[in-house]
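Multiple structures follow.
Presented sequentially are two complexes of chain A, the first with chain B as partner and the second with chain C.
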Partner chain A sequence: MIPEFNYVRAQSLTEAQQQLSTDGARVCAGGSDLLGCLRDEVFDCSKVVSVTGLDELRGITRSRDGGVNIGALTTIAELAANSTVQELYPGLAQAAAEVASPQLRNQGTIGGNICQKPRCWYYRGEFECLRKGGDTCYAMAGENQYHCILGGYRCYIVHPSDTAPALLALNASVQIAGPRGERVVPIEDFHVAPRDDVQRETVLEDNEIVVAISIPQPASGLRSSYRKVRARGSWDFALAGVALALAFDADRVTGGRVVLSGAAPIPWRSREVENTIIGQRIDATLAREAADAAMSEAAALKNNGYKIPLFKGVIEEQLLAIASA
Partner chain B sequence: MAHDRRDHDEKAADTSGISRRGFISRVGAGAAVVAVASKASAESAKPTETMQATELSRITLTVNGQQRQVLVEPRWTLSHVLREELGLTGTKVGCERGECGACTVLIDGKPRYSCMTLAVEAQDADIVTVEGLMDGEDLGPTQEAFVEKDAFQCGYCTSGQILAVEGMLGDNPNPSLDEIRIGVSGNLCRCGAYVHIFQAAQRAAELKQGVGGES
Partner chain C sequence: MNDPKEALYYIDGVDVPETPPARDLDQEPWGETTVVGKPLPRVDGYERVSGTAVYPADMSLPRMLYGAILRCPHPNAVVRSVDTSAAAAMSGVHVVMSGFTPSSRALQAHRQLIESNLFNPHCRHEGETVAAVAADNPYRAQDALRAITVEYDVLPFVADERRALEPDAPQVREGGNQVSDTQQYQRGDIEQGFVEADVVLEEDYRCECEIHTPMELHGCVAQWDGDSLTLWESTQGVYNVQAQAAAALGVPLSKVRVVNRYMGGGFGSKLAAGKYTVIAALLAKEAARPVKLVLTREETLLAVGNRPPSNMHLKVGVKRDGTLTAIQFTGTGTGGSQQAGGTSLLDWIVRDLYVCPNVRTETTDIYINAGPARPFRAPGHPQCSWALEQMMDALAQAIDMDPVELRLRNIPTVSQGRNNIPYTTTGLRACLEEGARSFEWQQTKDAITTESDSHIRRGIGVASGLWVAGGGGPPSTAIVKIYADGSVNLNMGASDIGTGTKTVMAMVVAEELAIAPGDVQIEWADTGSTQYATGSGGSKTVPTESPAVRAAAIDVKAQLLELAAGEMEVDASLLSLADGKVVAGGDSPKEVEISALRSLRRRGSVTGIGYRGPNPSGKAVNPFVAQFCEVEVNTRTGEVNILRFLGAHDSGRVLNLLTYRNQVFGGITMGIGYGMTEQRVLDVDQTGKMANKNWHDYKLPTALDVPADMTCLPIDLNDTEANTTGAKGIGEPATIPTAPAVANAIYNATGVRVTGTPIDPTKLVSALAAARGED
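Coming up: the complex of A and B.
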């Protein structure tokens, strides 16, 4: 049984923020990650503040600049099936379709998906680990086959989201509502690396809520894709994934971003790959060179060394695929 | 342990007006939904806005087309309330962490894990459990297809599988085999009856479109 909590169904965004301003309050949108964390007693929660009644946070609309605005309560299933998203940002639609299972895609929201808590089994289990305020990362010397190979620092989680890497590749921004009004944070600055704060995953304050995600109009010649490799075909978190959003002029890459999932504690932008391919035509030699560059800084733990050749293979495969798309 | 279980059943019987054993026999006869129907007033349909942790609050759930009033704690999941308060034990609880799919129900037509959904969060939704797929005394087409294709062994995952298929067919009446595999990908079958489950999903699609007879 889940530990006891008070429950408030917010009637407005302002009320939600007020309710979240008390200690121990947690926001509930789809609730799939929240309920898992409460059941595993990952954190204390004395009050659940439901925002599911706030219909103004739902839906996908075209923005004036030609991009899209995605309400935070839009479900992952709605995102995956949206024809505008499929047309303008196929990489994001693919990433959404790869999230979890049909049931969880019907429940989980895009706002919640980018704010997920890590899936590290020590963090979720009965360990007072560094991220939960303890003094030890149990994964460092423990079972770490699903942990990070890049960006680890005292804590070796991987970020669990599939949509966040695709959104970062597409240069999306996160609209956040708080007591001092709205602010907009590029998703590149939204997630917090353990080097900066080992107990935070995002820049959100306790009484702030993600209200929407906006993606700019695709650049001319933009192609996007998402590839996810997992241990179990039916559904699982990424062992290794790559989100691409690359602009092409004929067959030459003119710009864009390459982001890895399952690699690091945050969605991991690989500037090594970007620097290798921008201005170039992608062929087999360049794809391999870029894949090697992506892993040049990678450091394996005891059990996750397999991820390095896996990432190299996936990056090489995806670069060649998008070049011939 | 067995004794505790029986006590709990009797307690559940007090609140739902029906015992577990009596309920199961009625499910067999296909009359369960009618048997446990309760009166609900229209003004109670507005979702409860605040609830205290330690108190029971009255909420209204729409289950299988009927409004049902229940007293719940905010932390109670939909699967718990369906089984223990409403006696709808066709919904199974397996992992209770959103991984196995045994607890799948339809919420506004979409398959969802009822173990990962708070009952209070389901107040203004249409909830369908496996009991709600009955056509009077007869099995509904998806249930019928699972029987016809022998799509289970122990049967524990079956009601979740059936609702996953029912929800998929609501969106996509003619799924390909790959679409079926994705449609039931959130439901584990530890007996490994997957091939028959895929066949049952194809058969359910046919039955829903009025294709009768042996296939």
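Coming up: the complex of A and C.
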């Protein structure tokens, strides 16, 4: 049961920011993640500031540079079904369609999706772990089958979002409104690794709000895809996922990005794969080589060693698939 | 244990009275039927779907309070003190009780329900009850729980039964972590059997702990009227709850009325009263107001039941011609911190399913600091089936024989586990043969072996099984009343736990009285106003209740026809019922509307009583099953896509084809969860707490995990010896062989055998990589 809190529904961005400047206030968009955190008492929250009245934060529009601008309140379902997104960035549409379940996709927003809290079951459970201000990471020596194999440092979460890896592959940026005006942060710099701060998932300050996400015009010959492996067919986070946004000239990869989900505490750009394939034609041997390279730095915990062959398998499969797409 | 009935969970501890002799009326088996057997929708479908059906959690009574329970967060701790003063002072909080409250201690000890105290000072599992409150709304009740301060002495724990017998393991109870002596069973000469074998295989298997997660949470509403208690409880058996609550409270049965009209699933976890039942009763008594106490999802995942984890070893010998020569089985399991049947019925399938003269089994039940097991849809059987059916598959391959054929070579006609008494009927052969034909087993097998070497591989699997019970038996009493206008009322004590019991019974009445099932008014599951019935468990509700209901309908019909015979001046033997009329056949056809019978109108109603007669002596009544499935496996990622399933079932006569199919599809769905997604995760190395006590981390299968292509193939053998409706149970057999059928199909697709549940990519991808020689 959710402990008591105050609730305000802001009528303007300015009001939202004002409301947020009191201690213990939190932004609420769809609430699908926030309310779960409150019910599980993951953190304190004395005031819930709803931004759902801010219509200017909704909708998907073409931007002047030929890309798109996605309002933070756009629902995951809208994103998945949007024809422009499907056409220009099929990888993002696929990622959105892989999120959670139909109900959650209707309720959850893209802004909330990239800001959502980790799913580590110690963090969500009654454990005062490092990320919650305690002094132990329970996952390190505990039940860590769903934890990270890359980028772990004191904390071993995986980033839960499916859309963020696709956005990172597509070189998106996040527009943020704060008391001192707007700033734009490339999504690559938006998420915070535990090495930098173990108690923080994003660079957002307490009174900052994500307004929109913009994606540049697709480079010529860009192909994108998102593939997610999970333990059950729906309503489940990624065990392993791979977002590809690769530019091809005929059958040669000329550039682009490869991002892993379910691998690391932040959406994980695999430079090893990128370096292996850029400038090359992808064939079975190269795909395998790239898959092996992706895992060269991976370090398994007690129960998540399966992720290494799993990532190799899914990367290999997806590189071959995009090459023949 | 020659008669496993001795240990059957659903009659364990419940006194079984003698059945009065049946009236001497014709109860010949049905021939052709007009209603029975049809795929008819639920008589209460509208109520359930529209939301007008009132479940216990929907109940609201004037001045009702809300109860909540504070539970121990540690797997092993002693409660030093409980400070309830702050909670008790909060506004809207009416009662706060703990183990230090006198009223909570004045209880009679009742077996597993309350070991010694309602709030045991030594909490041996996470989620053990520590204190309880009643407040005027649910929020205040939760706030009150937060305001209670408990001092615990936290003790070392053991949360893995595989480590609990090590010498330095913390002791869950005095006297060590082994619950009782290892149970042994033996027939024939096992060593000789292995000598005679051409091939002997050995393997270890493990099934993870599965948790009942009925859609409707556990709970009740308790109301006192003077010294009489009424409980509206979500339960599979109102009479069980009545007996246990009365015993715990030390009051006569007549002072406890238990009612449960609609309920949303139990799967065995709601066969008994819970501590929560008694707590609600005490809170209500102390507050002198009704109390509703419904557990949270977390509480139900921790504290009210599970299917125990099982560790099994099998060694089996077979001859080249498929004859099994020896089966040796060892199993361990745990019912948690209580004696809760951690290995109950774990070896039954090994003893009884296939012909084998030489069998030895050993099972050892172990304590750990975890929540108690409760019976779960076919206790012990899915575990044993997981092991034996995968072993049969491996043996078939080792002797180069088709796995269906190997099973067909070993079909018993007698129950070997019961000193060779015969089964009334066994459809095992028909399940396998007709199932294989309908599934197109051979054609699919031929098609698959000629497929290309893509990384997506297809495979098929089979597994068969039987359920140790499923015949039902006495006692049961049912009453059927015909009112003056010819409409009908059925009174029975059995619960309809969502399976369609009411519908099936209405059809039985309709068959005998020639009316529409929807015209039968039903009163059910109320100890105050309906007849005695045992709990709905053991796949026995239909074979237990339907003969009693039929007998009552036959009884009332006979009386009605006698009345009519007098008025119509025709011999009663020439009369029958049709369309609300009494019809006389013979030379001078006559008919009278039932509502026009003067003697009936004067009496107001005619009442028939039916009792469940005894089962045939010296025979076993069991249902049989074979299931087949086809899967597609991504060998790079270990993802499994189950393409189709077929369940061929011998559960005697099919009384309602639709509810029968529901059971088969539901059983297969649950079996897929068991084999593919579900598992309790305890933080065994650090805190002993459950890591996944919520519905997204405890992964039930979703619609996308279950094939759209599911077929139910009833092997409709009318078991006339078993009882007067010819039906056997279907609920439990439907889930027994599902998981190993999938495991066998995965093996068929990939050549990789996964011997532990659940087979998700976390297990399969590593096994596949290892098989390719990668690390």
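Assume the second predicted complex is superposed on the first by the 325 of 325 C-alpha atoms of A that agree within 3 Å, B and C clash if a C-alpha of one lies under 4 Å from a C-alpha of the other, contacts with A are read in each partner's own complex, and residues count from 1 in each chain.
Note that contacts are C-beta pairs under 8 Å (C-beta built on N, C-alpha and C of every residue); 3 or more make two chains touch, one makes a residue touch a chain.
Worth saying up front: this structure is predicted, and the values here are computed from it rather than measured.
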item: Chain B versus chain C as contact partner of A:221, first or second or both or neither; value: neither
item: Partner chain in contact with A:102 - chain B first, chain C second, else both or neither; value: first
item: Partner chain(s) touched by A:235 [first = chain B, second = chain C, both, neither]; value: both
item: Which of chain B and chain C A:7 touches, first, second, both or neither; value: first
item: First, second, both or neither for A:309, with chain B first and chain C second; value: second
item: Touched partner set for A:52, first chain B, second chain C, both or neither; value: first
item: A:178 touches, of chain B and chain C: first, second, both or neither?; value: neither
item: Chain B and chain C contact sites that coincide on chain A, given as residue numbers; value: 1, 101, 234-235
item: Of chain C, residues touching chain A in the complex; value: 73, 138-139, 142, 296, 455, 634-639, 676-677, 681-687, 689, 691-694, 696-697, 699, 701-705, 758, 760-763, 765-766, 768-769, 774
item: Chain B-touching residues of chain A, taken from the complex the two chains share; value: 1-9, 11, 28, 31-32, 35-36, 38-39, 46, 48, 50, 52-53, 77, 100-104, 106-107, 234-235
item: Chain B to chain A touching residues, read off their complex; value: 47-54, 73-75, 77, 96-98, 101, 104, 107, 110-113, 116-118, 120-121, 164, 167-168, 181-183, 185-187
item: In the complex with chain C, residue positions of chain A that touch it; value: 1, 40, 101, 121-122, 124-127, 138, 141-143, 145, 229-236, 239-240, 304-306, 309-310, 312-314, 316-317
